[in-house]
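What follows is chain A paired twice: with chain B in the first complex and chain C in the second.
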Partner chain A sequence: MIAYIIRRLLQLVIVLFGVTLITFGMLKLVPGDPAVALAGKNATPEKIAFVRHERGLDRPFYVQYIRYVERLVHGDLGESLYTARPVAEMIREAAPVTIQLAVAAVLIELLGIPLGVFSALRQYSFWDTTLTTAALILWGIPVFVLGYFAMYIFGLKLDWLPIGGVGPTVLGIIPSTWESWQTLILPALTLGVIEIAYISYMQRASMLEVSRSDFIRTARAKGLTERKVIWGHGFKNAVIPVMTIAGIDLGALIGGAIITETVFNRPGIGLLIYQGINQRDVAVIAGGVLFATFFFVFANLLVDLGYAWVDPRVRLED
Partner chain B sequence: MGERLLTIKDLSTHFFTHAGVVKAVNGVSFTLDRGETIGIVGESGSGKTVAAMSLMRLIPDPPGKVVEGSLMLGDRDLRTISDDEMRGVRGNDIAMIFQDPMTSLNPVMKVGKQIAEAITLHQDKGKREAWQMAAKLLARVGIPDADKRVDQYPFEFSGGMRQRAMIAMAISCNPDVLIADEPTTALDVTIQAQIIDVVREMQAQFDSGVILITHDLGVIAEISDKVMVMYGGRTVEYGPVDEIFYNAHHPYTWGLLASLPRLDESEKTRLTPILGQPPNLITLPAGCPFTARCPYRREECRDKWPAHEAVGPDHGVHCWIPVEERVAIRAGLPHFKEPAA
Partner chain C sequence: MKKPMRSWRGLLIVAAVLIVAAMLLGACGSDDASTDASPTAGGEPKAGGVYNFPLGAEPISIEPLNTQESEGWHVNHQIFQSLYCLQIQSDGTTTKAVPDLAEKTEVNADATVFTFTIKQGVMFQAPVSREVTAQDFVDSWNYNADPKNKSATTYIIAPIKGIDADTGYSEGPQLSGLKVIDKYTFEVTLQYPFADFPATLVHPITQVFPVDYAKEIGRKAFFDKPVGTGPYMVDTWKHNQSITLVKNPDYWNTGDSGNSATAGYVDSISMPIYTDVSTEWLAFQKGTLDYSSLPTGNFKAAQNDPKTQDGTWTVKAYPSTSVYFISVAMNKPTLGGDENLPIRAALNIAADREVVSNIVNEGISIPSDSIVPVTIPGYVAGTNPYPYDPAKAQPKLDEFTGTLPSEIPYWFNSGSGHDKIAQALVDGWTKAMPSLKFKLSGVETNSYWTQAGENKFDGLVRMGWIADYPSIDNFIYLFTTSGGKYGSYSFYSNPEVDKLFEQARATVDETERNGLYNQAEKLILTDAPCVPVYTYRDARATNNRVAGFTYNAFGQINMWDLWVK
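Now for the complex of A and B:
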């Protein structure tokens, strides 16, 4: 298990190297000379040259990249061109909002597992057909459509829930007041419900496949009760592929969070990136993307560790 | 032979599918005594496995159903006892070894737990005790380092060892009846012989009755006392093992024997295949299912199922060809150069 974790952490380093290279390249590829921009309007050529040298902008690409990584390690993500605030600070403020939404969506998404098992155990029944159809329809709805739709119905027409914003929290992400919870409900449901559809559909397929496998027959032949056959032998095997899918799906969740935050006007990383794109604020975009990737890679690591915990073949191999 | 364990009479199991009714087993009868081994032989789709699964009441319903017959385990009717009682029978009175040891064990559960599970279920044993028994059972079926192995997962076992573990699981509750469904098919030839030996040893130790399902007549010859030859869901011939090998009466049995390689054959002879395809179980003829592939078929074969005909001690056959004619045909077959009859 320890060897496995070490191997995964080494892979993590490689992924992060690639990501920083891409975000750095993004900063470099943007048209315009940063030295000119930094020196300010009406700067003399001498001043521009001075700034260029002072900032190391005249050094080779790899030196600049190493400096960039050095600054990253020290938590320096540059400054926003638009607000002149440190990007790291903006991300520190926005991150809890996004993490709150993502965690809530994942918790909702997990409901897909029991729903999928429920469906699979009643294959072709009324409930199975209903749930599967509903899942397929939901799965096909884009996040922004569902978001605006939910906002219109529950926010404007019924006036049950606020249509945007965030509230106070404890520990950074747990809403501390009822109003704060309310602001979370619509965006989390919007993001989570589509994922429930996906996860339940996958869990159903996986459970059906496992329930036809030979070792289930063996378990029945032993005289185990159907309950023990399903939960003791079937479920663990059926949940493994779903965990993998859920891990990969975290990427989609972050993409969905960007849109959801925009729709519900939540000041998280998603909205930050969205505004950065609109304002061509490259440092903010790069910082946001870097954060999103870190989040994704880290979450994936957690999923993989969970995977190894469930499946001895992953844990014990070599 | 010991006490009668199983009495199967006129068992028919059908599957009701969208394409039609699949008549997998049609009127199969046999008995099994303590200490006895019956070999059920036939090609894929002949109904061997379905017959065994019907016995375990493990036919998925829907679409499958035992539509006819009586299945008696001692004086218990396996068709009418409650589900709870049936669970008490499975693994305890009747245990099963499956064909593919690679997929028949739960990949994410320790081998020891999979064996101990059956023990705690059917016997009044604690978890620790069951675990120790599991280790002993593994040692008994010839797995070295059983104390360590019991703590491992199936993927750490080789195919042969997994099948040994399956056998350990099956014998864990000392079953009266052991059903081995093609236990050697998925294994290397060298391992096959070992597994057959293990089955035989376990049978001797526990004095169980064994139902051995296979399409390998070599395995049958080695371990069976009697043989049931199945084709298209029907028993075409039934008898003591020597009778089946040396005094076979059904053209399908002849075909099976002729397709076996013989080591005593001095000249290089080709194996004789049975021509044609296995029957479609949905559109079976009312008569003998082998009709379409039988080189000696006659008019009555297709439409009427021949009655049971006794041709020797405990030896019966279902065939329309008159017995004298059968003996004459058989005498002319290359495989039966020195017929025992």
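Now for the complex of A and C:
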């Protein structure tokens, strides 16, 4: 087990460096020079060159990257090109907002599991068709469309919930007031509802596959009640791959938060990356992506470790 | 043995999720902010209450050193003051620079030396709480010009002697052009004549702040909570969430000191950050905000909204100091040079600015064939020798004796609707002159400006210009030899224009000076290195629970004038 953890942690380090390299590389390949914006209006080529030199933007790609990595090793994520604020501080401020949203959205998306089971148990029935169609429709709606629609209906027309913003918390992510919970409901639902559709679809497929397995037939042949066959044998096996998807989704939701946070005016990592991209603020983009990657990889590592602990086959395979 | 282990799997995964969250949060601290502020109840005009004003993005900076974009300006304007400020004139459109903290301004005959006497009794906000002196102005400007402090707006103070022309920063530790005469007087020597220099002193980089205090508390602390002399002071800045300003209880102008801000009415100004304008507009409609920009396509609907009709809201387009024009790459073969003048003139004659403004822009912009916005002192209508008359476009084009270009490239930065404007103009041109063909190319914004500055584009190049200070100089500069390279990206050069521009800068008398700028403008427009299209207007909605709202051409709102009804 320890060797497995060490191996996975080493992989994590490699992934993180790979991500920084790709991020730097992509930003270097995209045309556009941040020095032009930094130099201000009416800037002469001399002034642009001066600014480029001052900010180290004129150094070769590999030099800039190596310097970044050197600082990264010491825990320094650099500073924003525009505001000169430390990126680590910006991440620290933004991370709880995103984690709160991602965790809430994952918890909501887990509702897709009972819906998927319900659908599978009534295959080709009216409810199955309705739920499957609804899932496909929801899955196809862009998150910003759903977000605006939700704000318009529940925020403006019904006046039930606030439009955008964040509220006070305890332990960083748990809303501490009713108003704070209210700010979380719409963005979490928007992000989570689309995933409910996905999860229920997956759960339905998984449940149907398991229900045709030999061990289910055996269980029935042994005379077990249908309830025990479905919940004691079928569901427990069918839910595992879906829970894995949910675990991976937690990381993926960090990426999805870019749009949700912009639409719902939530100052999280997604919004930070979005603003960084608009300004070509390399350190901010790299810091944000690094955080998202770390979160994604580490969450999956913990899920895998959980498996390895409860299921010896996983340990053997790895 | 297996059964209980299996039942743990689901729980393990949920636990994993929560553990990751908890681990990360251990280092992240807690978040106790709310960006939602409820509107204060109405009532009789009185001091007190909260004004809810959204910012469209996290400001780059709110301190004089680096305030540059509109979000930063909105905040900075309530906190800091300079020698001059902006004032809307009686025509309701023109915005002019008028003395603020300057008690007296003297200038020498060739407009190279200015002597400013500042008002007495101007006080810095707490915790500094001391009187502002001439030395404070000199210290502030020296600090901002210091390359170590990396200001992006030193181009405003570039005329001052001691600024390095190449780097745009101070050549030495002190600007050689600044000299303190006495406690309230200082002298500024410029590198070249510039009679409109006082107009530049409305810009944040020229505001006064306590440099000693900024150094004492450090860059980061002063960045977050800067101290100025204005009627409002920073209470909190929760990055990417909101900024809250509170009334300065010890504000120095208790009476009516000239044009300077008076003490504010509202107790505080809540400035939540709304990065998405559609969300901001929804929040305004809900009543969370007292002010909103309008998303593209919503202006007419907002004007016709029942709440606008019954006077709950005011929805209006306010003229700005920005112009939209199409530069012509004058040093390129397609349209540059004297031989192509008939084509350039014909493009001006057939540019359907009304369609662009009234249809594409919902009537928000003001069609204009001038390179100077209508809001700038010295603007004269009807300067363009090629006014709109599509019937005359083809005869003008027929004066061209060469071979017409197979297609005229038209470059614009993608997004923001420039493609629609380009298409509307091209439709008008091809209707009036069917022999002309155009190729529209959108380029990603960052890349677009880099390439434009590097003279990569041939043909027509989409441009816009926002005034930094209320002077026609801002716009004529664009078509001087220097401005052609670094401002309009037209790479236009006309020695006569340069000469008139320099003469105007050295002319102290305002009427005479603006006359010279107007002559230069006429020469420029005759050479047609651009196709002016319109002056921007800013579409805004305001909630009438708050009174006293004004919006000048620079988009500034004097929030100290507002009160909750």
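In this section, the second predicted complex is superposed on the first by the 245 of 318 C-alpha atoms of A that agree within 3 Å, B and C clash if a C-alpha of one lies under 4 Å from a C-alpha of the other, contacts with A are read in each partner's own complex, and residues count from 1 in each chain.
By definition in this document, a contact is a pair of C-beta atoms (placed from the backbone, for glycine too) under 8 Å apart; a residue touches a chain by one contact, two chains touch by 3 or more.
None of these values were measured; they are calculated from a predicted model.
A.B. asks: For A:Asp214, using the defined touch cut-off, is the partner it touches chain B, chain C, both, or neither? Pick first, second, both or neither.
C.D. replies: first
A.B. asks: Answer with first, second, both or neither: which of chain B and chain C does A:Lys236 touch in the superposed model?
C.D. replies: A:Lys236 sits against chain B and chain C alike.
A.B. asks: Which partner, chain B or chain C, is in contact with more residues of chain A?
C.D. replies: Tallying touched residues of chain A, the top partner is C.
A.B. asks: A:Asn42 in the overlay: touching chain B, chain C, both, or neither? Say first, second, both or neither.
C.D. replies: The answer is second: A:Asn42 touches chain C but not chain B.
A.B. asks: Kindly classify A:Arg280 by the partners it touches after superposition: chain B alone (first), chain C alone (second), both, or neither?
C.D. replies: second
A.B. asks: In the overlay, answer first, second, both or neither for which of chain B and chain C A:Gly223 touches.
C.D. replies: first
A.B. asks: Do chain B and chain C land on any of the same chain A residues, and which?
C.D. replies: Overlap of chain B and chain C footprints on chain A: residues 236, 240, 310-311.
A.B. asks: Over in the complex, which chain B residues touch chain A? Could you list them?
C.D. replies: 56, 58, 87-92, 95-96, 98, 100, 103-109, 114, 117-118, 121-122, 153, 155-156, 166, 169
A.B. asks: Applying the document's contact rule, which stretches of chain A touch chain C when the two form their complex?
C.D. replies: 30-34, 36-44, 46-48, 50, 54, 82-85, 90, 92-97, 99, 103, 106, 110, 148, 151-152, 155-156, 159, 162-173, 176, 179-180, 183, 236, 239-240, 243-244, 246-247, 250, 262-265, 267, 271-272, 274-275, 280, 295, 298-299, 302-303, 305-307, 309-311
A.B. asks: Inside the complex, what are the residues of chain A that reach chain B?
C.D. replies: Contact set of chain A toward chain B: 213-215, 217-225, 232-233, 236-237, 240, 310-313, 316.
A.B. asks: Once bound in the complex, which stretches of chain C touch chain A?
C.D. replies: Interface residues on the chain C side: 5-10, 12-22, 24-25, 27-36, 57-58, 60-61, 68, 147, 150, 152-155, 165-169, 219-220, 223, 239-241, 272-276, 278-280, 282-283, 285-286, 288, 444-447, 449-451, 453, 468, 477, 483, 485-487.
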